[in-house]
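Scrolling down, you'll hit the structures one after another.
Two complexes follow with subunit A in common, the first pairing it with subunit B and the second with subunit C.
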Partner chain A sequence: MNLGELAAIFIGVALVNNLVLSGFLGICPFLGVSRKVDMAFGMGCAVTFVITVSGVVTWAIVHGPLNWVGNAVFGDPNSLAFLKYVTFIMVIASMVQLVEMYLKKFFPSLYTAFGVFLPLITTNCAILGACLYIDMKEETQHLLNAAVYAFGGGLGFTMAITIMAGIREHIRFSDVPKPLRGAGITLLVAGMLAMAFTGFTGIGK
Partner chain B sequence: MADGNGSNFDQFAAGVFSNNPVLVQLLGMCPTLAVTNSVENALVMGAAVTFVVVMSNLITSLLRNLIQPHVRILIFTLTIATFVTIADMALRAYMFDVSKKLGAFVPLIIVNCIIICRAEVVAIKCSVSRSLADAFGMGLGFTMALTILGIVREILGAGTLLKQPVLPAAFVENGHNWVIMILPPGAFLTLGVVVGVVNHLRSRKATGGVA
Partner chain C sequence: MSDAEIPPLPEATPAAKPVPESRSEFLVTSAPHLAAGVSTRRVMFEVVLAMVPLFVFAVYMHHARAVVLTAATLAGCLLTEVLANAIRGRSQASLSDGSAVVTGVILAFSLPPSLPPYMAFIGGVVAIALAKAVFGGLGQNLFNPAMVGRAFLMVCFPAAMVTWAVPVPLQEIGVDATTMATPLYAAARNEAIPAMSDLFVGTVGGSLGETSALLALIGGLYLVMRRIADWRQPLGVLAAVAIFAAIAHRVNPAEYEGPLFHLSSGALMFGAFFIATDYVGAPITPRGRLIFGFGVGVLVMVIRVFGAYPEGVMFAILIMNALTPLIERWTTPVPFGGHVAAA
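Our next item is the complex of A and B:
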């Protein structure tokens, strides 16, 4: 667990295997909340926070209680693996609830601006996806690596959604063919962004 | 259309065509983009989602008079997570290769918005038979959309269909296959074009075929 390894994980998840553009996670907010740059950035920050905390907490639950109880009761640390998905989604849902309560109390204006999208972070697949990848990958079996992976994933999401919002603010002034307006052109632009991001292939690992 | 008028068959047909979850409502985008690089993956994913949406609608509809409004989302999520775990274990037991290719996208069915949306919009208020009709319609509509994408991407990207070569061998051997279609950008581009075509067809239908 050295600095180089952490940097490789960070660049890997934020740029090379960007959760949105090459992992296809979090597409719903990527298409739904990317109309304005400030909203997109706020959404990105909320997701980054939830992803980091949930990533660390789910890592701790899998390596802590689930392993111990599995080992003590059934003699195999993996015997409770079937509980993972249910645990993950419960942790994420409670984290989102926490963020919601915090924002409501301290940043009421931001809270109203987010509206229905805040509770919807629960069903943002980028978060559950990051937790699942942390659980599956070899290199994220250390706590610090897992935390860096989750944080990098959140930043990569923020970057992708903010770039998208910047482009969409300009698309409003262009003459897009009628059937492609809205989702169609957004997906085509996302395709081109993804193509640009394939240029990072080979950096890190 | 989705809110309880018409027969059960109308509800079913709406899910497949006029209210297609992927191509019209734009829900469940992540698996749609991620697993459609071959038709086989698309079909297995479609089957898994259909199973989960049918079971979740069935359970929700049976319990609809017992569920308190403020805990409903929690109940939906736990129901869905349970059936996704079952589907994941079944796939791993009987179709290990495909399950490996789908990877994290099988557990990610838990956060597929289509399923929670059907529980919230239909199953919590409607009878069991209507909820089931709706679930089968949505499942079939989802599978159909994935298969369309899978066909386009597999033919252009690998020159095959369900692993059987369909394009002339020279297409692949000389490196004319569009590798980009199997890579992530191809998914976005194909779905963008397909959504555009569907929008065009719908607007033509709405104006009676004039536009």
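Our next item is the complex of A and C:
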């Protein structure tokens, strides 16, 4: 674990293997909450918070209780691996509850603007994806690396959704053909954005 | 008051010169105005004119291939433009503004000379269809169409897009091969790079019309002097690349080439003057244009120095295109007297 390795992990997940633009995770809020830059940025911050905390907590659960109990009861640290999905979702859901209560109390306007998309952060596959990647990848078996990975993934998501919101505010004035308006043109733009981001391939290796 | 009580309007006296209904609604004439005579068509004509030397040089370097490739991309672009207009029930007026021609030529110049013509044709189709038509035509698109076409080809035909034919003049002086490494590719692998003079003039392997930094510079300066292209984007690009390359070269001269190499290699000069200055994809604010250019330069160098791709002009332009709305948002000039609260 050194600074260079952490930087490589961070750049890798934020730019090169961006969860949205390269992994195509979290497309639902990417399309649903990207109409306004302010809202998109708010959503990005909420996701970054949830992803960072969940990434660290799920790492701790896998490396702590799951491994110990599995080892003590069944003699194999991986014997409780089937519980990962359930526990990951539980952790993510409780983090989202936390964010929801916080926003409701301190940013009621943002809370109403998000509407159903706020509780839906629970089902944002970018978050579950990041937690599973952290569990799967060799370089994130260290706690600090896992935290950096989760935080980088969240920032990458925030960047992607903010760029997309800027674009969507911009093309509001474009004469897009009727069948393509809304989700159609957004997905096309997302594809072009993904092509552009392939340029970062190989950075941080 | 009922309708019957309204006095009838006086009969309008017929105007001496009948003005078309649709135009008269927008005619605001308070002061004597001077028509600048600048039309889309004229701008595009000037851009094509500035690219003629590059095309002549491409023909000198690659003979018939240059003509065939350019014809293929042009055919793809123009046919798609016609189709898009037809599908949306529009007049074919957009065909004569020359923007599709410029897209086709820029795309052709950015392709490897040995690319099969049908791939170039597909690139032209994608450039207009995916990057322009779906947004509603010229001026409403977001990404530079030629660069989207090239990125699409890069994703679909990766092998053909990195095969570089040896230019004909080099074959004649006895380079015994059919393909060769481009200077940037050689530099990325720490192999011998061509002499700086060859690099600047453009007698090296590389894309069809981008190898000559000299001719791109001449054409670009012509555009800047004619005020067709803004000086801000090229300045930003060149400054960022020079600074970045100087620092990298200073840190590790053995690994990284100096600023002169990076400025005159690849698509940099062409991209700085012809692609980054695209009116549509770049911000409209003056400060935003400088930032846009600087961002392109930095991204080019990040990809060249740290990335797996030897060249990054295309990716850099596309990424900065995507950031343009945000840059405009941050660089909107404050009106005299401060902002007025939105109504």
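Rule of thumb we're sticking to: the second predicted complex is superposed on the first by the 205 of 205 C-alpha atoms of A that agree within 3 Å, B and C clash if a C-alpha of one lies under 4 Å from a C-alpha of the other, contacts with A are read in each partner's own complex, and residues count from 1 in each chain.
The criterion applied here is as follows: a residue touches a chain if its C-beta (ideal position, glycine included) is under 8 Å from a C-beta of that chain, and two chains touch if they have at least 3 such contacts.
Since the structure is predicted, the reported quantities are computational estimates derived from the model, not experimental observations.
Novice: Between subunit B and subunit C, which one contacts more residues of subunit A in the superposed model?
Specialist: Of subunit B and subunit C, more residues of subunit A lie in contact with B.
Novice: Is A:Thr162 in contact with subunit B, with subunit C, with both, or with neither (first, second, both, neither)?
Specialist: second
Novice: In the superposed arrangement, which partner chain does A:Val37 touch: subunit B (first), subunit C (second), both, or neither?
Specialist: Touch partner of A:Val37: subunit C, not subunit B.
Novice: Mind working out whether A:Leu180 is in touch with subunit B, subunit C, both or neither, as first, second, both or neither?
Specialist: Touch partners of A:Leu180: subunit B and subunit C.
Novice: Looking at the overlay, what does A:Ile171 touch: subunit B (first), subunit C (second), both, or neither?
Specialist: A:Ile171: touches subunit C, not subunit B.
Novice: In the superposed arrangement, does A:Ala60 touch subunit B (first), subunit C (second), both or neither?
Specialist: After superposing on A, A:Ala60 lies clear of both subunit B and subunit C.
Novice: So, does A:Met192 touch the first partner subunit B, the second partner subunit C, both, or neither?
Specialist: both
Novice: Just which bits of subunit A does subunit B share with subunit C as contact spots?
Specialist: 177, 180, 185, 188, 192, 195, 198
Novice: Could you list, by residue number, the parts of subunit B that touch subunit A in their complex?
Specialist: Residues 26-27, 29-31, 33-34, 73-74, 77-78, 81-82, 84-85, 88-89, 103-104, 107-108, 110-113, 116, 180, 183-189, 191-193, 195-197, 199-200, 203.
Novice: Could you please specify the touching residues of subunit A with respect to subunit B in the complex?
Specialist: Counting only subunit A, the residues touching subunit B are 21-28, 31, 82, 85-86, 89, 93, 119, 122-125, 128-129, 132-133, 136, 177-180, 183-188, 190-192, 194-195, 198.
Novice: Which of the residues in subunit C come into contact with subunit A in the complex?
Specialist: Per the stated touch rule, the residues are 88, 130-131, 133-137, 140-143, 148, 151-152, 154-155, 299, 302-303, 306-309, 312, 314-316, 318-319, 321-326, 328-329.
Novice: Would you pull the subunit A residues touching subunit C in the complex into a rising list?
Specialist: Per the stated touch rule, the residues are 37, 162-163, 166-167, 169-171, 173-177, 180, 185, 188-189, 192-193, 195-205.
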